[in-house]
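Heads up: the structure comes next, in structure tokens.
The chains carry the letters A, B, C and D, assigned in the order they are written, with residues numbered from 1 in each.
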Amino acid sequence: MSILVGKETRLVVQGMTGREGGFHAERMIEYGTNVVAGVTPGKGGTTHLDRPIFDTVEEAVREEGANTSVIYVPAAFAADAVMEAAAAGISLVICITEGIPALDMMKVHALLPAGVRVIGPNCPGVITPREKAKVGIMPGHIHAPGRVGVISRSGTLTYEVVWALTESGLGQTTAVGIGGDPLPGTRFVDALELFRNDEETEAVVMIGEIGGTDEEAAAELVAGGYPKPVVGFIAGRTAPPGKRMGHAGAIIAGGKGTAAEKIEALNKAGIPVADLPGEIPRLIRDRIGG
Amino acid sequence: MKIHEYQAKALLKEFGAAVPRGRAVDSVEEAVEAWRELGRPRVAVKAQIHAGGRGKGGGIKLAETEEDVRSAADSILGMTLVTHQTGPEGRLVKKVLIEEAVAIEKEFYAAVTLDRARGCPILMASREGGMEIEEVAARNPEAILKVALHPLAGIRPFEARSLAFALGLHRFKKAEVLKEGIRTLTALARLFLEKDASLVEVNPLAVLEDGRVVAADGKVNFDDSALFRHPEIEALRDEAEEEPAEREARSAGLSYVKLDGTIGCMVNGAGLAMATMDIVKHFGAEPANFLDVGGSAKRKRVAKALEIILADPNVKGIFINIFGGIVRCDEVAHGIVAAKKELGIEVPVTIRLTGTNEEEGRRILEEAGFAVGKSLNEAAEKAVAVLK
Amino acid sequence: MKIHEYQAKALLKEFGAAVPRGRAVDSVEEAVEAWRELGRPRVAVKAQIHAGGRGKGGGIKLAETEEDVRSAADSILGMTLVTHQTGPEGRLVKKVLIEEAVAIEKEFYAAVTLDRARGCPILMASREGGMEIEEVAARNPEAILKVALHPLAGIRPFEARSLAFALGLHRFKKAEVLKEGIRTLTALARLFLEKDASLVEVNPLAVLEDGRVVAADGKVNFDDSALFRHPEIEALRDEAEEEPAEREARSAGLSYVKLDGTIGCMVNGAGLAMATMDIVKHFGAEPANFLDVGGSAKRKRVAKALEIILADPNVKGIFINIFGGIVRCDEVAHGIVAAKKELGIEVPVTIRLTGTNEEEGRRILEEAGFAVGKSLNEAAEKAVAVLK
Amino acid sequence: MSILVGKETRLVVQGMTGREGGFHAERMIEYGTNVVAGVTPGKGGTTHLDRPIFDTVEEAVREEGANTSVIYVPAAFAADAVMEAAAAGISLVICITEGIPALDMMKVHALLPAGVRVIGPNCPGVITPREKAKVGIMPGHIHAPGRVGVISRSGTLTYEVVWALTESGLGQTTAVGIGGDPLPGTRFVDALELFRNDEETEAVVMIGEIGGTDEEAAAELVAGGYPKPVVGFIAGRTAPPGKRMGHAGAIIAGGKGTAAEKIEALNKAGIPVADLPGEIPRLIRDRIGG
């Protein structure tokens, strides 16, 4: 068993015939992901990477039984693509696209049917190494099947941590990139809930950063009782207030959302916070042995 | 994106909020002319810069006579205004707003912003107008009233009404204050939603002695990601208000923030870039900047990034940290080599390179005389050590 | 409320749907002028009445020469057009639409209406254009594609796109058909939502040989309850198209529908009014009308209601059925007595009165010479019996 | 126990200082309804009929514990009044107002928080004679505590049936006027579900009319198994197609929604349909005796 993606994943790639979508669809197929179809309006009836291309997600669901979608659609159209996937009966929508207007995502959340989960936007995706399922843009080769769940607002910083876990022999159960936008579809608390009952996951790493209060919410959830050790990292200790640090969500606004506040909240909840990414494997081993 | 007060007020007016009569001008002569057009009333002469705290810095003056107006405009136009928000270098004032001074009975605060925790826009208001909201939030959070707005429904009449009653707008002698207040709150919310703002703030929202409710000041920020669908907002951009290096970076597709340290950082990915800054600090130095070369860093962009870093005279050393994923290490290496050739890098450069096409990247760099590390910690320590 | 085809097309155009070039005119001379303005093409001369089936009734003619246009306009303007929707009395044609005849490659059907069961607007479309949708629904319901719209989100791009693909608009040689079709479907939905329509129907929605997609016909009805906020729509009302008695009733605040029977009915409450008509029929007669005097029937309104009923020459008897609730029986009684005095009722009147202030109402009516029953069945039987 | 309204009802009257609202508030108080407050924006702090008037529903809930609202607000503002009540935590909103734009009600339904029930609009309200609780505009004196639940799209036609039930000695448990609009907040199926487990209700009368398919949906529900006898009446057998019969919802559109169709559907579901309102008590007695 795994969370979010695995052997049961039947993936449709929205924007598969585009440059980004095509490149990553190929990498996903190479890795072993079950990519069943692509969607590009107007290219229905063709094939790409030996997969059928449809005009609509609805057709991909009907014809190929797609249950998961990954979105590589330009920002102006991406929110609509998420809603199309949700309306077509896709239950997990992973949105890679960066730069979607905040208002569009608010509307998406207000309209999302019950039972549909969105990951992202502006995220690297989700990977479950043991089941050879990679949905997103992360480099597959740095991952290894293992014991640790990873939840992160970042992309390359996640790779850094993932690689440290791989090198240390701990590996990953599933790594979830929840994305760097201010309104992620899945937050730390949601991802923690998913890992809660995942038998293979022995510990969870939370990679947070400045901005918002999602790390604090996660700390509260863990303080309320969480069955496995959680270890944290917070990027942006040296970030100045009022400046957006790349990610739309990484901003200390009105004096709130500093790294210091988050580290304090995590520590209070009994979550050790690493000073350097490289310390994370040791913090985990201290707790789960091996 | 930020805009000036006079632009914010024009937008507020377009959406139905009342604002004091006034006009923004570039010169002393125009300032006097604007004052005459207003009917020679008492006016405020207000420096137009993208920063708060203008009053304390001498950027806002009252004037009642032509001489007053002339002298106020003359002293403010062209000044370098320093406030707690400008940093010590201050901002050059190129425009002043000449605005009718209003007789205020009571000041309120009203704003619409994004509530990240709830995932919706939030309309906030307080009876403690004229103060910074953070201050009120820290001292007396109960004083801030909040209404979570539905992003599709917008502000509903009962929501604006309830908030207006909660603020006590029905307790003024002039009965129209309630209705005017409701209209203004509605305008704020509509502006926020229809123009993809990230902040609409009116502080103070002033109840005047004559019963009018006006936005005595106004601040509107926009969601950068949504500017593509609002060319009329993009047209309000004042590039002179932006840090030149940040502007240059933005147009090259780079995400750059200037800081005060000495170690220039070039990283791929925003989270890793922040973490890299933190590591520099951890090992005892200060980062000179945040710089994310992005997810598809091509050699040209890498070279441009180095150019921007090197243009900062504080930079005494450069730390390049690349975790290749989509980004290929060889492509980055080519960019570094190209920058070295074109710009002649004279400060020490420490490189950490790992991930996709790492070997090739390492070879290219080593051939060009760069040392390349693999471990982040070791590389960071070394980057900091070269300064000493 | 209904409007004319030419008005519907102007609205469709305003919302971004393409329509054939054309103009509505009142006279033969103007018709010729309109034809000249269009560049003397082949045109359709179309009678503007609020009813379908105009073609079969001779209300639509094609014309290519000035003589043709003149003779078509002359024959249609002023005619009394009878279609399956006008009833046998037909409708006087006062305006014709002179419209460029278009070269149609394929006809579709598209409409937005209210889906009562789902409680939302529904966008419907079919490849079987030009036919009545009820016919298609009965014969081949699968052929009707439906998209339930969210009342706040309006039509989303993927919804319009999916429907356009499902209709096969991407299979035309001219590639722009798909995009034009999406734009048209979007326009229909936006018009429906922004103007509080109850129906927006384009039949046929025509794909032209040159790749354009146009609303070759257009029908738009509006929610009467929402007209208060659309004065621009209310201004499109053509009172001449309404049954005069129904118009008169409406302006008196009464709800009246003329029918073909002989028993005039006056009732308080719409459900009871329908039930009363049914009872009249049950006992062997036909109701002459539906009439609800409303929930706060004052004497003046009651008198007006009787005046409208009596103006129908078919009426041979009147059945008044009042169940007093908010409506007071004595107030109704006063109205009936007043009507008798002013109008001199000459047909037999049967009254059933019960509920609030029943005794007083009965007394007033009996003093004025009316018999008053209490049981609905008995009264209805009697009302029908007096005819025989 | 009763459904919808009863001894637990703590009623706030929205529009209480208006002509209609004031008149009916007085009638409701006379009947015995627990009217705890009124709301009229701008009249907060005053009293009316000895009840406090508030500027907002939220205050009526906070200060007086209102749990039910009845709306006598003009049509242009009524949808907003429903949403205000729902947002303030009122769980039952009974909307009397006629002539609310259909689009406004669609938006209300799309925005209604879970757990809030709306009755109406364009309805006479709800009455539970046994508990002296009347919320709406129906004349109280024609009702009597009894054994039959009433659900109706009509006003005066309901009174006709209620009176027949009262005269016959059957009386009513609760009479629910669901209203004559095309988009009622509560439909026949919903009201039938409420009566399903109401112990005092031995039979249910459904008073339908032309337009829509809610009677058909109710027939389907009953055919699927309903624990008590249901008797029907359908108004509008003689109504012509395409004409609105007073109620916004009473229209045969596109050949659908005729009385004949509805009667057939009810009969198929084993629901006898009375030809005349006066026959209803007999049809009920045939089924529940007494």
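The definition used in the following text is that a contact is a pair of C-beta atoms (placed from the backbone, for glycine too) under 8 Å apart; a residue touches a chain by one contact, two chains touch by 3 or more.
Keep in mind the model is a prediction, meaning the values are calculated, not measured.
Any chain that touches chain A and also touches chain D is listed here: B, C. Relative to the C-alpha centre of chain D, the farthest chain centre belongs to B. Inter-chain spacing, taken between the CA centroids of chain A and chain C, is 54 Å. Centre to centre, using the average C-alpha position, chain C and chain D are separated by 28 Å. Within chain D, residues 107, 111 each touch two or more of the remaining chains.
Shown for chain C are the residues in touch with two or more other chains, namely 150, 152-153.
Viewed as a network of touching protein chains, the structure does not reduce to a path, ring, star or complete graph. Contacts between chains, counted with the stated touch criterion, involve the pairs A-B, A-C, B-C, B-D, C-D. Considering their complex, residues 85, 114, 116-117, 119-121, 133-134, 137, 150-152, 193, 196, 198, 223-226, 228-229, 255, 257, 259, 267-275, 277-282, 286-287, 290, 292, 295, 323-326, 354-356, 375-377 of chain C touch chain D. Those residues of chain B that touch chain C in the shared complex are 150, 152-153.
Interface residues of chain D facing chain C in the complex, by the touch rule stated above, are 23, 75-76, 98-104, 106-107, 109-111, 124, 137-139, 142, 152-160, 163, 180, 182-183, 207, 209-214, 217, 233, 235-240, 242-250, 254-255, 259, 275-278. On chain D, the positions that touch chain B within their shared complex are 41-42, 44, 55-58, 77, 80-81, 83-84, 87, 107, 111.
Those residues of chain C whose C-beta lies close enough to touch chain A in the complex are 150, 153, 156-159, 161-162, 165, 170, 178.
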